[in-house]
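When the chains are written out, they are named A, B, C and D in that same order, and each has its own residue count from 1.
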Amino acid sequence: MITTFLDIVISGLLMGGIYALIAVGLSLQYGVARVLNISHGEFIMIGAFGTYILYKTAGVNPILTLAICGPVLFLIGFFLYKTLFKILLAFSDSAEIFEGKSLLASFGLLFIIQNIAILIWGADIKSYSFLNIGVDLGGALFPANRMVTLLFAVVISMTFYLFLAFTRMGKAIRAAAQNPRIAGLMGVNINQVLALCFGFGALMASFAGGLLSMCYPITTTMGMEYTVIAIIVVVLGGLDSIVGSFIGGFLLGIVGSIVTYIEPGLALVAYYAIFIILLLVRPTGILGK
Amino acid sequence: MSILEGKGVTKYFGGLAAVSNVDFSVEKGEAFGLIGPNGAGKTTLFNLISAAYPVKSGIIRFKDKDITGLKPYKICRMGVARTFQIVKIFPDLPVFSNVLLGLHFGHSSGMSSAEKASLALEYLDFVGLTQVKMAPAKDLTLANQKRLEVARALATGPELLLLDEIMAGLNPTEVSQAMELVNRIREKGITIIMIEHVMKAIMNICQRIMVLHHGEKIAEGSPREIANSEKVIKVYLGEKAHATC
Amino acid sequence: MKNKVFTGLIMFVVVVLLAVGFYTTNTFAKDKIVVGMARPLSGPMATIGDSAFKPIYDTWTDEVNAQGGIYVKEYGKKLPIELLIYDDKGDLGTMTRLTEKLIVKDKVDFLWPSCGTAFVFAQAPIANKHGYVLITAEGGATHVKDMLPSLPYVFVSLSFSDWYQIPVLAELLGEKGAKTAYITFRADLFGIEYSGVAGIEFPKHGIEIIGLNSVPPETKDFAPIIKKAKASGADVFCAFGYPDLVLPATGTSMALDYNPKAWIGGPAVNFGFYHTTFGPAAEGVLGFTTFACSQSKAAQTLCDKLYKGKPEEINDWWGHPLYWAGLECWKQAIEKAGTLDQKVIREVLATEKFNTVLGPTWFENGLMAKECHTGEIGQWQKGIFEVVGPTKNATAKFVYPKSIWPAPPKK
Amino acid sequence: MDITTLKSKKSLIWWTVIFTIFILLIFLPFYTQGYAVVLLISILVYVILTLSWVMFSGSTGYMSLAPAAFFGVGIYTSALIGKVFPFPITVLVGGMASFILAILVGALTLRLKGIYFAIFTFGLVMLIAYSLLFFEIQVTGTRGRFVIVMDYNTIYFYMLGIFMLLLLTTYLIKNSKYGLALRSIGQEEDAAAHTGVNVVGVKVMTFAISAFFMGAVGSVMATKLTYIDPFIAFSTTYSFMPVAMAIFGGTGSLYGPIIGAAILTYLEEILITKFAEVYMLIFGAILVAAILYLPDGLVGFIQKIWRRLMERNHVDT
């Protein structure tokens, strides 16, 4: 009984890693740049397709692809902010108006990106198999590709966390997150920082997409599904906390795993129920201020 | 007869006591001053009286009725109106509508809309905003916005009016206009509690003054008593300053 | 300044688009057959539509038009087919509206089907109301059988659960001595129906269902389900769902070393991408099918037409031949009727037999007759999705128990 | 001539125009045949959803993504009881069910501010859809349901009726003291509360009234869908589209959302039929461009141009 329970919890943790990875980028984009990016899932989709195409056509190891797709998406995200969201910010009277408008603008982006992707890659299912083997952990088996994903989620986020904590740019980002006005006064080029954050968000999305494509079939229309997961996780953890994304991800993963074990039909109900209850009890999330 | 009474009023933010165990009593018809250094808990006390925040412990009574735990709009309708430290007008509504709102919702009397409209104009006239009655409120100067807040508060037909730094940020001319306005409000028989940093105003207008420091009441009395209280001077000028003089 | 230019530009685009809507009217002289479709070109259904009916109607239409079209006696000449395709966004409300538009406003000559079982349910009554023949593609359900008598204009091409598939599966497994089954199904019409029919058919052949659970769409974590199934020790594992369930369930089964004697998956196993995804590891997995290339000359010709020189991913061994046959029936019905009159064509479709890729093909009470089916259950064997049931159509012997998952190829 | 008579004369013209449009709309099915009515039904659905959305969200600033929830409740009500009760009762029940749901949701959640409220309402739609799915599968053993079919003219008249009622309600609210209270809440909620406005009460009530109309229109729409399941009924499209349409049209006036919804629905119709392959691309681009360059919506933009023209005329004379 206890081993079964442990087993379930660990597989929940593994799922949590994936969820966290999906959410980390969004948390960055919302936490600092105040864009609740509904097209986040589309960036994940692009990352996934980049990985798939390179693996299928050139046999590039999906993990290596992270280093290729990541920077490309970073640039796309960076310039999107520099053009679209910067203008929106300039035209918005208040932070709340900007949040509303940027949400809707990213909704429009979702349409545009998805359509382009369908034109290029078609709408059918793509899938490949990578590291579909079990790893024996004390008698119980766990899928290797999910373990790799969790590992990378932790490594990538740790790196990013250290970057935020110790580099000049990282400090500027944190300053901007806490108070954009004052950070601006202190000589931080605020628009540059916000654009960087948005770019990093897209980079994280690309990583998530690449790692996801090892475990799940991918389609050009899958974006919204992952955006929704990201929103749930980010809200659970606290909208502006990277560590929060992990806590939210693990919470969702473990609860999902337990519920799925008991009654799979209720898994998604459980996700939304925790999400809604948490919003009511603690709207700012577990780690939110 | 006391119109507002507080017993052991306490409020914590996080672990910090913003207002701690404060007793007070305001007589009907008087002007009651509330002073203290920044962060002393003055505005918090206003927020507790008007129920913007729930009280942690203690009791607040208005006209001998316990009003702790009531919703803000109920308290307003009972006859407690307020203004805000940082003005909170309705920026996109015309000045006139700002005041009209108070007449619509602050009262339970069955006035007709024509009566309400003419009353609104009266209040605008009272604070001197007739000229700009149709302008969006956000276009007013700060002094006028503060007047508008007063007019809106008056429109709810209060017996007790809480004025939170209505003179802050005004130039000397505007300050004396504001003082004159407060005096005229008192003449209407409305009890006033005012938070103010402009000492001249407080000393001239108020009959009694209460001093808060770190959320605690450290003194209460007539303006003269307060001006001569060592405790108060110490708080305002700091201990060193006191020692040197 | 830039601001104004852009604003002007948006206004211009909007106005032009609106004008386009007003002024282009669709008037067709009778030199072609206009076929209208509301298809999910975008949205969540696009995935299914893109790999199921679309490759068929594209290839088929090109082929027919290359021959000059369909001969209609009434006009004394061959009329080419012109497709008028609208995007229903995978939204049912939009689909019904567009169907209505195709019929009422565009006055298309014929209607081809929308995508998905729910969409069939919603579209069929509309087509029937207007007296338009509708041969469905993706979608079919036991429920539709009860509706068909009241929908004389609707013909269903796809095979489905109790229309031969599950009974054949149950019989195959029963014969080999399977005793227990664990079923996980997608929480939708498809899943309910297949698991429901399995609940009736399996016990008839001595197979007890010892585990049954539904999985809502967008479920991501299959490990707990596979672990439970493994613990149950069932002989047969069924995953009645779409690729988003079947593919991760397969991957998880492999990773968790879950080796039931039979592993059967819903629409996913029958596609080429299942094989390209798992490679040799797909060996022995069961799915639903209709044909294999080696079955007949006609089948081989169709395979060449559809799949030769194209990536293996696009292969679909279940739906494709049935949709193709449906279109062939439609064409032959027009030729036999010699007119574009729907009423006459309906009569022909309902009563006559046609010669298609499946051999002699006809509709019985609106359903493609069971006797026309050239296969129901398929199994991956050495890289080919062989027909293993019913036995009379089999291209290979049913292998039971399936071999255990091989270790994936080392890279 | 003094200002008030000028004003009443202007409003008289407006009323005449509105009245004429309605007369035209009422007789439309009798002088056109076929598709126009079908398209108008779709347009009316979005117009009603958008206008209802603006009634609450436009004035209070709470961005609700719940329309799909209320719309879906209406659709499901129709599927459940449509065969048993006379249709007007079904519509009423659909509206009331949404009304009650909105009161519950509103009382629980209207203290959430900004983006949290939007996210919550979005989560609500999904929670309802998945719970209903589970319930249908485990308890009733079905996923989809057939809805009674009605002819398009009847559907059209129901829609038109709901639309008129909604327009009237919106107009009355807007010009009553509650409209003033709503706007004050949208601009400075605290001050409104301390000026005697029962902030929670007004918000919840308005939320519920707007939900009533969404539910009612849902229960009529169901008959046009003929077949529904939880995901068809609770499709998030019906949450996002009204928001986009309202922003596109402009939330400042009564006709902004109507024009926004009508134009975008019609635009979508053209795109999915004439430019099906790139429908999303163009639609997305228009959406983004509108958000960027039409900050006050289409109507705000036209008003601005109009004002500028008037000023120029003024200078000329």
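What we mean here is this: a residue touches a chain if its C-beta (ideal position, glycine included) is under 8 Å from a C-beta of that chain, and two chains touch if they have at least 3 such contacts.
All values reported here derive from a predicted model rather than from experimental measurement.
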- Name whichever of A-D and B-D has more C-beta pairs touching across its two chains. A-D
- Inter-centroid spacing, subunit D versus subunit B (mean Cα positions, whole Å): 42
- Once you find the CA centre of subunit B and the CA centre of subunit C, what distance in Å lies between them? 73
- Cα centroid separation between subunit A and subunit C, in whole Å? 34
- Task: For subunit B, write out the residues touching at least two other chains, lowest number first.
- Result: none
- Item | subunit D, residues touching no fewer than two other chains | 130, 134, 137-138, 277, 279-280, 286, 292
- Query: Can you list the residues of subunit A that touch 2 or more other chains?
  - Reply: 114-115, 118, 228, 265, 268-269
- Note on the structure: Checked against the stated definition, the touching pairs are A-C, A-D, B-D, C-D
- The answer for subunit A against subunit C in the complex is residues 7-8, 11-12, 14-15, 18, 59, 61, 114-115, 118, 122-129, 131-134, 141-145, 215-217, 219-221, 224-225, 228-229, 253, 256-258, 260-261, 263-265, 267-269
- The answer for subunit A against subunit D in the complex is residues 30, 36, 84, 87-88, 91, 96, 99-101, 103-105, 107-112, 114-116, 118-119, 228, 231-232, 235, 239, 265-266, 268-269, 272-273, 275-276, 279-280, 283
- Seen from subunit C, its contact residues with subunit A in the complex are 41-44, 46-47, 49-51, 184, 187, 213-221, 223-225, 227-228, 243-244, 247-248, 251-252, 254-257, 271, 273, 276-279, 281, 313-314, 407-408, 411
- Query: subunit B touches which residues of subunit D in the complex?
  - Reply: 177, 180-181, 183-184, 187-188, 190-200
- In their complex, what parts of subunit C are in touch with subunit D? 3, 6-7, 9-11, 13-14, 17-18, 20-21, 24, 41-42, 85-89, 91-94, 96-98, 100-101, 104-105, 118, 121-122, 125-126, 187-189, 192, 196, 214, 216-217
